[in-house]
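Two complexes come next, and they have one chain in common, chain A, joined by chain B in the first and chain C in the second.
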Partner chain A sequence: MSAPISPKKALAEWKLYLFLVPSLILILLFSYYPAISAIYHSFFRWNGGESKEFIGFQNYAQIFNDKIFLQSFLTIGILIVANLLKLIPSIIMAVFIHRLSSTKFQYWYRVLLVLPMVVPGLVTLFIWKFFFNPNLGALNYFMEFSGLKTLLVHLDQFFGWGGIFLNDFPISWLGEPQLIVPSLIIWGFPWIGAVGVLMFIAGLQSIGTEIYEAADLDGIGPIGKFIYIEFPLIITQIRVIVVLMMIGTLQSFGMQFLLLGENGGPGGAGMVPGLWMFNRAFIAGEFGYACALGLCLFVVILGLTFINNKFLRVEK
Partner chain B sequence: MNTPAIAKKPNKDFWKHGAILALLALELFPFYMMLQISFKDNKSFVQNTWLPSLPTEWLWKNYWDAMQLLLPYISNSMVVSVSATLGTLFFALLGAYFFARYKMPLSGALWSGYLILMLLPGVANIVPLFALLKSMNLLNTLLALIILGAAGGQVFCIYVLRNFIEEIPKDLFEAAEMDGASHFNQLWNIVVPMSGPILGTLAILQFLGNWNEFLMPLILLRDPQLFTIGVGLIYLDGEYVKDWGNIMAAFTVASIPLVVIFLFTMRLFVQGLSSGAVKG
Partner chain C sequence: MEQTNNSRIWNLIGLGLVIIFFLVAAIPMVWKSFTQSLPTDSKEITIRFAHWQLEGGVRRAFDLAAAEYTKLHPNIRVEQLAIPDKIYVNWLITQLIGGTAPDIVQMGKGMSDERTTRYFLPTSALSTKPNPYNKGTTLENTPLRETFIDDMESVFSTTLLDHYGVPLSAFTLRMYYNLDLLQEITGSTELPATYGQFATLLKQTTEFSQKTKKRLYHIAASGDNAPSLIDKVFRSQTGKLGDGLAYDFLPSTRPPAAHLGMAFANGEWDFNEPSMRAAVTLLRHLGSHLQPGFMQVSRDDAMFNFIQGNALMMPGGSWDYSSISAQADFPVGVGMIPTPLPDEDSRWPFSEGIISDESTNASVVMAVTKESRHSEIAQDFLLFLCSLATNEMWAQESGWLPAVRSAKIGSESQSFMPNLNGFTGGFSPGFSGADTKRVVQTSIGLAVNPNGSVDKFTNHLNSEFRNALASDLERNAIAAKINSQRADTVSLALYVLSQNGDASAADKLAIQLEGMSATDRGYQLGLQAIKLLK
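== the complex of A and B ==
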């Protein structure tokens, strides 16, 4: 904790405030001002230029009739649930690495894990876009080779999906509206997040070897050890990662923008709230409406953070 | 080494190594594909999709082309990332020192002002930010990206550094004060030398963040000679006829600067992230 200070001494130390000034100017100008400006402009019809017209709550009224925006929350909801399940490989990875007896291997595996983190995210994304390529992509090679495609074609015929999967045509992952959300979920397989794994390992390291030995004596198997010893210890880390993931997913639209373009791909199936806001501002030129959309998104995130803090708090 | 308990262990670990390696192989598979395709042209890629071609047939020309295309973008990205990272850390150190040293009047309120920003979605800010930079005449400049980078890193870095500085024994500061050291001297001579690892980790994270940024550069930059690496790659991806070998070579070139930095700072970075000091 910072040391308490008497008012008299604080007065003598007034120069300390100067230390905060540059940082404060930066956040006031580039974080607070835009936020306040967004609130202000959400009440205007504004195309980003000098002229603007006050229209009251009209932008907000428009949001409730904006089918694309409401639909985009459904899409992002699906992606959040998928991301939740996609944490499982990271947890498994962390437990495996933690249980290794050789610290040398533990270190080198962590290095290999972090390696994808330093490759620019854009590059990883574009390589996956290449994997999704219908004619050359690795994914279609794999589907053909493993026979999964034949299975999907049969399922398509059986359930009447309307010919998304056809024998003579390559699967068009990013070109078929029904396949866009599945593609966004498949993306990044096997979904190991380096930061998550490292955080889980850090949590696991607080377990002493004697606990494992005691569990061995009680005849608790590897899965039992996970349920009774390891999982309770990393639940805090899992919660932090879940909260960060939810906020991150709600805000992010870079992946959808780069894989599918500014309209969210064919049929707008990959449209997410952030992308719609970006689209309204920079494609349609409706900056005022985009500000209202952004604030709407902010309120949702704030609400979610509040719920997280209230209900997901881990009892210790 | 002959006790059965120890002799059994490697055997038990065998499966774990197998599982870890299998997961890692899948995770790293895209980068394997990137590297092996980067040495091929479209024809040899279609003929031999999965395996690397013989080293004698490697098309170094792909790299030559990629370098010529990307070097200007890379140097722009370098300028932005290095300046933004240095700016972030310098101002964040000053700010964190303010919060950590004494409980000054108002510092509680100011601290809340910083923490609230963690909840603010950056996405809501994009539109007004664009208008603000337009009015500051900073559209289409690298300076705008540097300032945004420095501002964007403040909250997180101050949060981490404050906790770190508060851990430094108070006696050190008091002793320095007796000797008449100013606060700036105390920061420079006590805090900075002690916070090497944490500053290093934060620097890498900030550098990574700035290097990966593509949205603001895409919105703000118009002149091709100002493009950062992210914008350059997006334009490359937008080309209609694609020479995949060339593109993969460009991806590799775009990754090299970060991988090189990583190789030199690996230990620091992995430990910094693992220690839980950086918790987000």
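== the complex of A and C ==
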């Protein structure tokens, strides 16, 4: 471990620190000022206008009685678990690409993965919205064509799901409260995230060939190589992706807003904390309360990130 | 050494490119902001106005009006910003708070009394004088207020006691239908006038669909147009219930939220009320004929279904006509939305009769923002927009109804003229604000889905409505309190002026006090209701 630099030495060329000033100002202005403003406004009854009334911790107290906000964590919890499972196809894809013997093919696969990234996220959302359309959507065509719908209708009758799948009616993916969370999980199929795959490939490429040669000599098969070599050595990348995914999922509401509207769809089944925050601010005009919700969400994200970093450790 | 030189050259090229691109981006911006801040008399002035009407005809009509205005005032350019309605509220609030709002914006979405007074210029002073652009017309000497079909009631705030903005159009709700298809199914070219006949038409459509093996939706609907239809269904059944409730009328044609809320809190009505159940039964019947999953369908998708000939009918406003008629390759009929009549069917004992368009006010309200650097020019442009000649041209080009009296309308707009015969109707459950609307809209599936029922809907509403109503009333009470505090200062000023012999101030004070008293009644009642609801 290197010795700490003395303050005298650190300040010897103090003028160099001036180069940091522009970035610092921008960060303070665009990152810290809004956050501080949100903390300040969370103690007010404020509708986004000029007048506001100081109400102390009333907004925070209200959160504990906010049934919709608390329920929205259940929905987001399900989505986080689903998103964790949805990382598996990306890992598998990364391993497949990594194991391709031809570097040329490896290159082209990477290119093919990166290409869809240029499509704006909004377009992807619109395409998926169209997929879910009960009358014209591709998903219902597939369900009819493949006979899966008939199976679902039988399952519905057998398990008594309450008629969410009926023979004469198209499946209303975003119109039935019970189907909303499953639809949000289906979203993005086959769940191969380009960023995730590229990060996993980067991790896999750092594994030396001698390790594979040793594994071959020990007679370890492809699955064994993944379990004993590849997976432990890309756990750092997995951890980073899991943290980013959790933060992204907890903060996100764009998908729910576009697919289901500001109320979270029928029965509010697709309501997530971010969408509720948006709803309170822009629909109900309760900006002060929305700020308090945002801070609550921040604490939850911070807590989850801390837990994640503490328990998902990399053994060096 | 050579490598160091090469690397230096590349670094210089990189730096040079960064500087060039920075200058290319920065110079036009600096130039633009510099030229815009020059004294207005020597340079071209640009007025920007924003709205959420993306319909082609409307944008074209606005462009034509802007071009006409520029002809009269060559140094003024008018630009329109058409913002999609889904993001309009967020966009507008952000622009207003950030002080970057355009000179004129369409009001309606995302407005509150506080935002209205804080960010918009009132038009009350203009309303009493004739519109200078009406010179040479029949409205030449008519005060601006009286040139509108609703005497500017739609832009008068009963809580702020001022006019804000001017209206450009009027909206009515109608049922569009595929005329060829209707003729093929029934032999008639007219939609049925009664709900019983309408139900027969729905049956005939099912039979036609089965016979021809054509997948045909009876009514194309979406999450955008269905709420208006649902509102009409409830109003058709709750008129008598509303009449029986003890409430005072504020200056409005419908019962105010605090009074209806108090009645709910007192147990005077709930969703087990026979008339409410009748409304839900009617909703279930009508809803079962709307395209499946309509609440998740966008307005464009519903329109697409109708225009493609996949649906016989589609509820929509007069604002939809230009888009539909331009795209449909079949003749489009426009009829009234049928609601049950009292003597028609014993199943609907709560119906009073045809629901009129009496509560239809002028709409597409445009107002000048206080942040506008050219507020006088912006107000002048508004006067130009709502002059007889321009509004007539605007209405004919857009296919929408005009807001100005005596403006001639095209034959195609006749079907949208407000029907003033009939009953005003009752109320729909989403009456008090964002939360009751949310509860009703997210529960519609319980009433209309194949697996839904009247009981499922009413039971759910009985359990969820209370909290939502309390939350809305609480918000309304806070707003009323702020309004009262604001009005105190104005009243004091008016009082001092009236004491000094200003007759108009005395008149205004009387109106102000009446409005404040009504606001206070609503506020007190709201507080009582909240106490009972919690």
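Methods note: the second predicted complex is superposed on the first by the 299 of 316 C-alpha atoms of A that agree within 3 Å, B and C clash if a C-alpha of one lies under 4 Å from a C-alpha of the other, contacts with A are read in each partner's own complex, and residues count from 1 in each chain.
Operating definition for what follows: contacts are C-beta pairs under 8 Å (C-beta built on N, C-alpha and C of every residue); 3 or more make two chains touch, one makes a residue touch a chain.
Keep in mind that what you see is a predicted model, and the values were worked out from it rather than measured.
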item: Chain A as common anchor, with chain B and chain C clashing or fitting; value: clash
item: First (chain B), second (chain C), both or neither touched by A:C291; value: first
item: Contacts of A:Q58 with chain B and chain C, given as first, second, both or neither; value: neither
item: Which superposed partner A:R110 touches (first chain B, second chain C, both, neither); value: first
item: Partner chain(s) touched by A:I283 [first = chain B, second = chain C, both, neither]; value: second
item: First (chain B), second (chain C), both or neither touched by A:S101; value: first
item: Partner chain in contact with A:P89 - chain B first, chain C second, else both or neither; value: first
item: First (chain B), second (chain C), both or neither touched by A:A35; value: first
item: First, second, both or neither for A:F131, with chain B first and chain C second; value: first
item: Which superposed partner A:F169 touches (first chain B, second chain C, both, neither); value: second
item: Which partner, chain B or chain C, touches more chain A residues; value: B
item: Superposition clash, chain C against chain B - the stretch among 40-48, 94-102 or 400-408 that is involved; value: 94-102
item: Footprint overlap on chain A, where chain B in one structure and chain C in the other make contact; value: 48, 129, 136, 282
item: In the complex with chain B, residue positions of chain A that touch it; value: 1-5, 7, 9-10, 13, 15-17, 19-20, 22-24, 26-27, 29-35, 37-38, 41, 48, 89, 92-93, 96-97, 99-102, 105, 107, 109-124, 126-131, 136, 138, 141, 189-190, 192, 194-195, 198-199, 201-203, 240, 244, 247, 250-251, 253-254, 257-258, 274, 277-278, 281-282, 287, 290-291, 294-295, 297-298, 301-302, 305
item: Of all residues in chain B, those that touch chain A in their complex; value: 9-10, 13, 16-17, 19-20, 23-24, 26-28, 30-31, 33-34, 45-46, 49, 91-92, 94-95, 97-105, 107, 110, 113-114, 117, 119-132, 134, 147-148, 150-152, 154-155, 158, 166, 170, 183, 187, 208, 211-212, 214-215, 219, 229-230, 233-234, 237, 244, 247-248, 251, 254-255, 258-259, 261-262, 266, 269-270, 273-276, 279-280
item: Chain C to chain A touching residues, read off their complex; value: 89-90, 93, 97, 110, 112, 114-115, 118, 217, 223, 291-298, 301, 304-305, 310, 433-435, 438, 441-446, 449-451, 467, 471, 475, 478-479, 482
item: Touching residues on chain A, where the partner in the complex is chain C; value: 45, 47-51, 67, 129, 132-136, 162-164, 166, 169-170, 172-177, 259-261, 263-268, 279, 282-286
